[in-house]
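The structure that follows is given in the form of structure tokens.
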Amino acid sequence: MPAPVIVASDLTKKYKDFAAVDGISFEVAPGESFGLLGPNGAGKSTTMRMVGAVSTRTSGDLRILDLDPNDYGPEIRSQLGVVPQADNLDVELKARDNLVVYGRYFGLPRKVVQQRADELMAFAQLEDKVKAKVDDLSGGMKRRLTIARALINDPRILLLDEPTTGLDPQARHILWDRLFRLKEQGTTLVLTTHYMDEAEQLCDRLVVVDKGSIMAEGSPAALIRQYSSREVLEVRFGSDRNEQVAEQLAGIGERVEVLPDRILVYSEDGEAELNHITELGLHPLTSLVRRSSLEDVFLRLTGRSLIE
Amino acid sequence: MSGTESPRGGSVAAGSASGRGAQGPQSEMARAAIAAGTLPRRWGALYVAEHRTRSMAAYKGTIIATGIGNPVVYLFALGVGLATLVDANVGGAGATVSYLTFVAPALLASAAVTIATEEFSYPILGAFKWNPTFFAINASPISPRQIVDGQMLSVLVRMVPSCIVYFLFMLVFGAVPSPIGWLSILAAVATGMAVGAVLMSYVSTLQTDSGQIALLMRFGLTPMFLFSGTFFPLAQLPAYLQWIGWISPLWHGTELGRVFSYGAPEPIWLTVAHVLYLAAWFVFGWLASRRVTARRLNK
Amino acid sequence: MSVLERTRRSGPLPQSLRALYAGNARSVMARGLLATKSTNWTVVVSGFFEPVFYLLAMGFGLGELVGSVSTTTGQEVSYGAFIAPALLAVSAMNGAVYDSTWNVFFKMNYTKLYQGMLSTSLGPLDVAFGEIALALLRGAVYATGFLIVMQVLGLNLSWLAILALPAVVLIAFAFASFGMAITSYMKTFQQMDWINFVMLPMFLFSATFYPLSVYPEWIQTVIQALPLWHAVELMRGLTTGAVDAGVLWHVLYFVVMILVGLVFTTKRLRALFLD
């Protein structure tokens, strides 16, 4: 196995007494697509900033590309592409100029930067927006431009912090398609997300993070296998009746979770469990059988939903 | 401007205690990273200056127009217009030079300060907040101190030519009797950068703008402009107000400019004090800006 | 304001104006006052000090060197008494221009405040009048303060100085309506920057710090065409007590300016928000 590009062991970041990241350990192999899945405030972004060598760790060890970010910040950053959570494009420059100017920060010759800027504008499907003002771009376009900017130095590792948060479904799919291409080309991706579908689509392997700690680690399929059943039955009895009905459901399925708006029954066969429920004389207002997802894994691990 | 990563002040040579990087052979990827870091470490500040100058260029129309218009308007209004009142009344009695000659170096220094206040106030807060380009730059190999240095350089790109143009107009108006008058350009730039650096260090600490900058302009920069021996000698002020001049970098810069442009008589120690005072402001503001910026970007 | 009253008020308006004006400018003004209260009111208060600093520095510091100056009517006055009314005029101009240009520009293009307002029953003219009224109120408060300072320093040479207050409002109204018209054509910060560029020479050349007589004839004519010169002359006439029928020309100048500004603002706001 090739040497990992990122090694974090017992990585901790404290702000005064509050531990935003509380002793997490993970490794990322070259070419791998690695995700940090967790709700807002789990410590994902803080972890990303430490990996991005712009935030000093409080304790623990961190090596990026075999270098310690405390000593080799600029060197490490020269090999990274960073897509931050909030766009920070320069609105005073035109779309393509953002790439050109940014490329200069890596000490790249002007000619190289110009050529790459053209290629990346094409990659980001923004050829017709070359001279557009940043403010005139849609949210999805801005994100793609930010990704293009992050690729200007041909990075070994691309860090994406909540890449599709705030985008409409169509824009998300376009973005995922672009990221998938990068993955196919062998770029190492590290991304944070609180969307399970995003994690499932893009990540080879992920860690589930909550309150600064890692709750579980594995591929999306393995995590689902390990922490959830094959199927989930969702039933709704109305907000005021769910709690009461749930008591009668004891023993049905492998496990029952009661959420404010619905009851989840974990089972290998959802349809069968629905039949059981009907046999008990209970008639849900709505019912739905679906495959287990990372959302269920998270719920199992933390007792909370990802998106609150 | 080159040198090591600033947030923690760790140096490359020292390496880390646990670092394999500092000893022994490094992996290919570590060597590649170290090679790629060389240029940004050395020239980072220039890259930042290039970027900031480009952003400034969006305003080149008014920058050039004010660069030419301001000296003409001010020199004419005060040096010619207002001078008719002052010279007519004061006459040759106390004054050894015309009012135009007296006021011109002050206007030059004020122009530099005006540019500094424009470029080191809202644009800095903006780069942290509304258009957070500093964070974007910091994610590249550039370090916070290089961002500060680059900002300083980019302002010089505007300030120095503006001051040269200003000085040329002073020559046209016949306001510079001394052969070493051009040194007043340096005095003006030093004044602008002294004020600008301290301003930047303050603005960099602001989380939001709820009027702090406007208040600073009104109660800091406007009185400084008016009470720094700009339009009349400091001695005209009642003794209990003259301290405003002594602590004002604009007064020191203006007096220095006057020494150069018309050989204003003053003891040599005072001239030296002007230089040292301006240098102290600049160095303080510069180092403080670096520290504040590093802290703010390293979250 | 009751519905009935509003209907009555908007009744006589021509059809074309009714879409623009709901007769409810005061709710826009009320919002502005509330916003001022909840933001940094010290900034608002600080605006009063700007002309006072100038008066102290120039009137007294420089005044020592200058001695006395003769006004257009040949009256010899102290330098402080000469520039104080001019500073009052300048501050009326600056306040009105700032409020009607930068402030409006921000709300129009960045905070999108007006879009929100216009989605209610308010029309563009309600917004315009509300904003202008707020600017005038602010200007009048500053002017009152400044006139008191002048009185204390003995720079009001005539009881007519009390009329400087309505004059400030007139002048500010003219600059505000004109400024708003211009701002409605502006799209970028870069364009806005030119406003400052035009204001500076006007500030320095309009007989503010020295009499117009230092200029050659043709420059004098140019300056006399500019609004700030009229403002300065009007103010100076009132505070020095040298008023004759000629003062009406200045008043007329500003009335025309107000009307022209409003016509263009209305036209433009209709194009921006209703078409």
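So that you can tell them apart, the chains are marked A, B and C in the order they are listed, and the count of residues begins at 1 in each.
Rule of thumb we're sticking to: a contact is a pair of C-beta atoms (placed from the backbone, for glycine too) under 8 Å apart; a residue touches a chain by one contact, two chains touch by 3 or more.
All values derive from a computational prediction rather than experimental measurement.
**Q** Which chain has its C-alpha centroid at the greatest distance from the C-alpha centroid of subunit B?
**A** Greatest centre separation from subunit B goes to chain A.
**Q** Just by CA atoms, which chain is the most central one?
**A** Answer by centroid distance: B.
**Q** Based only on mean CA positions, could you tell me how far subunit A sits from subunit B in angstrom?
**A** Chain centroid spacing, subunit A to subunit B, equals 44 Å.
**Q** So, what's the distance in Å between the C-alpha centres of subunit C and subunit B?
**A** 33
**Q** Let me have the rounded angstrom distance from the C-alpha centre of subunit A over to the C-alpha centre of subunit C, please.
**A** That gives a centre separation of 54 Å.
**Q** Any chance you could list the residues of subunit B touching two or more other chains?
**A** In subunit B, residues 58 touch at least two other chains, as defined above.
**Q** Name, in rising order, each residue of subunit C that touches subunit B in their complex.
**A** Touch list, subunit C to subunit B: 39-40, 42-43, 46-47, 49-50, 53-54, 56-58, 61-62, 64-67, 69, 79, 189-190, 193-194, 196-197, 200-201, 204-205, 209-210, 214-215.
**Q** Flag every residue of subunit A that touches subunit B in the complex, lowest number first.
**A** For subunit A paired with subunit B, touching residues are 3, 5, 46, 49, 52, 54-56, 61, 65-68, 70-80, 82, 84, 86, 88-93, 97, 101-102, 104-107, 149, 153, 156.
**Q** Under the definition above, what is the set of subunit B residues touching subunit C in their complex?
**A** Where subunit B meets subunit C, its residues are 58-59, 61-62, 65-66, 69-70, 73-74, 77-78, 80-82, 84-86, 89-90, 210-211, 214-215, 218-219, 222-223, 226-227, 231-232, 236-237.
**Q** List the residues on subunit B that touch subunit A in their complex, please.
**A** Result: residues 5, 7-8, 10-12, 14-16, 18-22, 26-27, 29-30, 32-34, 36-41, 43-44, 47-48, 50-51, 54-55, 58, 131-133, 135-143, 297-299 of subunit B touch subunit A.
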